[in-house]
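In what follows, chain A forms one complex with chain B and a second complex with chain C.
Let's look at the complex of A and B:
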């Protein structure tokens, strides 16, 4: 299994503010990765570091085996759609496709034109007059036309209505199925991504909180409920992500590689949204503490 | 990249072309009219003292009618062209991409950022040189007859002719691009560019141009009874001056000296020069001093030498600004 993205203690500071702190990731190729986290968690920073638009303050990022934006060859292998999907408002859709053709040696004109036709867009329309959804589709078409091995999308559906969102993700999934590319798409709402992603990276407070295959994450996380007990008396062999207590009951969201069989506990599965929420509101937010917690 | 650069620039290019054509037509008419005035003036064949009167008549004619305002316009355009190019071509070149976020689109295509900037700078830099060159050429050509008579070394004239406007435009363009990269906004970058260009265009004639080549100086006898002005100040000092005139030269200044070369201190002898004495007595006393006026100047023959030196300095500054553009783009944009 080849690695698409590897980061090692990747850190980006803007002056005193730390946007991304010691981010270490290992993402296999061929995945559709959901990068989830609240606003300001560092998602855009991470994606721009991977696209080579930002230079890290410290740490390293390796994308498809190379350093981000280290040269035309590396740039050609990575497609990027920025937040708010910027396009040249004075240029027509046709101009944008010509831009793609002139600036990318591996440009697939057939793919790009077919996509524009299928979306029902008028090639002579100026990008400035497109709706948010159409503009996002245009930006995605440009990124797809260069036939990237890795496609990075920064909050691509945030500004889209539900129908446009569906169309956008549908088009993306078709591309993934045909090209076998790795995709990373970010959102502050996991519900946007849960239908499409098979790998999840959760970023909060500039730290990676959890990263893994969605199936595996769902299989290893449970909500357990039992009688009221102290904070540290969670089921044996588990690590606590989040705890909540009422007068009579204690509820823990735990991570455990083995099933919790103790009859004292009522065990429920989590869905992805609950899992993300548990991590975002977890007891221990700091990643260093979290590592200690997990290894204990 | 060439295609994209042209596609993004073509509207401005057509507008500029329109302005240049209009300017060239206006200046062609004015230039032709002035040439016919020159032929009619008889200046080409005059000799001796008559030339002076003919010159005055010719210059008065050139200043009258439509040629006067057109000539003023020509000088104005030659000074404004660099500023406008810097503000409207330079400042938005990268600044607008940073402002609107399109840099994230274009820098993630399969073209490196340095190459993207190189192509844009090269093509628009060439367009800058071409446009400013056309302006300078038509201004220089249409003014040639008048310049030939009244000189072109005066700071205002000098800066609007020859190669200096082209160099100024290249600097303005580079500064505009740099300001756009550093400020990441188009309008503030335009304002900074205009201010920077104005500063260079003022600093050059005020402090720098006169010293690019060591000025010449010429000592002429001062005759207080002919041509020289003389004045007795209330503190008992005498001021003696002449309006130095050296055809075609840029006069930098003059000092009044004693025959020994020492500066004349202007302290008058009250036995000859005071309110109670007759002016003639004082004039005789001044005449007896054998005063000289030492004029420092740049002769008209140095026009092209000074043009090329100044243009060289300005182009070197532009090169520095371009280097800073690459450095700043690598470092901060992003």
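Let's look at the complex of A and C:
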């Protein structure tokens, strides 16, 4: 299996502030990666480092086998749609496509024009007069027109209504089905992405909290509930992500490669949103005693 | 041709929902041998889901011998459920119905029955593995 993105201790600092800290990832080609985390977690920084728009402070990133900012050949293989899907408001859709053809060596005019037609957009319409959803679709069309092997999208659906969101992601998935491209798209809401992504990277507080194939993450994480135990007495063979206790009951979110079969525990599967929340509120050991005090 | 839909709140994984919808259509006779399933491209464009989800569902149906992928053409139904499968479940269904009556007589409600059933299945998995 070929690797699309590999980062090793990738770090970006702005003065004393660390935007991304020791990020290590290994993402196979052909995946649709959901890059999830709260605002300010470092998602945009990571995407811009992968696109070659930023230079790392330390660590390395390898994208499609090359260094992100190594030059035009690398740039031609990577599509990037910045936050709020910017377009030139004074230019028409036709102008945008002409610009795309002019600036990209591998421009696929047929693909871009067919997409504009299918979206029902008027090529003579100025971008400034498009709705948010239409503008997002235009920005996506420009990124697709260069036939990238990797498509990076920063919060592409955050400002779209549910219908525009569905249409945008539907078009993106159609492109993936046809071209087999690797896609990374970020969102602060995992629910926006859970239907489309097959790989998850969770960033919080500048760190990667968890990363992996969605199916595997869902299969190996459970919520187990039972009578009150000490906080380190989760079911045997599991590792605790998060624990909560009342005076009578203990609840653990655990990671385990084998099913928990002990009838002492009630076991429930997690959905992706609950899994993300569990990692975002991971255990700090000291907090345990506090919880007990409060519950009494 | 059928059209898929997804229930995000069902707790059933999207790929399994697609598999179940095809099986359901076969049981009801909505799909027959020779019918084509929607292409992966069409399904992902309408539902906005990952192409692998659809491929995985179609592979599962292929593995079950219900459909067949024809290179460059699409995926087609090659077998539908015989009467025999449902008929074979008849005696099991009768036993289960009798057991459910006894469980209700013993004072268990729906929730208690479901919990007991789940726990027992889990314990049985534990014994055999």
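Some observations on this one:
Here, the second predicted complex is superposed on the first by the 283 of 296 C-alpha atoms of A that agree within 3 Å, B and C clash if a C-alpha of one lies under 4 Å from a C-alpha of the other, contacts with A are read in each partner's own complex, and residues count from 1 in each chain.
Everything below uses one rule, namely that contacts are C-beta pairs under 8 Å (C-beta built on N, C-alpha and C of every residue); 3 or more make two chains touch, one makes a residue touch a chain.
The structure displayed is predicted, hence computed values, not measured ones.
When both complexes are overlaid on chain A, the residue A:115 reaches neither chain B nor chain C.
By the touch criterion defined above, A:176 reaches chain C but does not reach chain B.
Of the two partner chains placed by the overlay, neither chain B nor chain C lies in contact with A:147.
By the touch criterion defined above, A:263 reaches chain C but does not reach chain B.
In the superposed pair of complexes, A:271 makes contact with chain C only, with no contact to chain B. Of the two partner chains placed by superposition, only chain B is touched by A:71; chain C is not.
Counting the residues of chain A touched by each of chain B and chain C gives the higher count for B.
Once chain A of one complex is fitted onto chain A of the other, the partner contacts of A:106 are limited to chain B, with no touch recorded for chain C. The residues of chain A lying in touch with chain B in their complex are 48, 51-55, 69, 71-73, 75-76, 78-80, 82, 84, 86-91, 95, 98-100, 102-106, 139, 142-143, 146. By the touch criterion given at the top, residues 6, 8, 11, 13-14, 40-41, 44-53, 119, 122-123, 125-126, 129 of chain C touch chain A in their complex.
Residue ranges of chain B in contact with chain A, taken from their complex: 1-4, 7-8, 11, 100-113, 115, 334.
Of all the residues in chain A, the ones that touch chain C in their complex are 32, 165-167, 169-174, 176-178, 195-198, 218, 259, 261, 263, 267, 269, 271.
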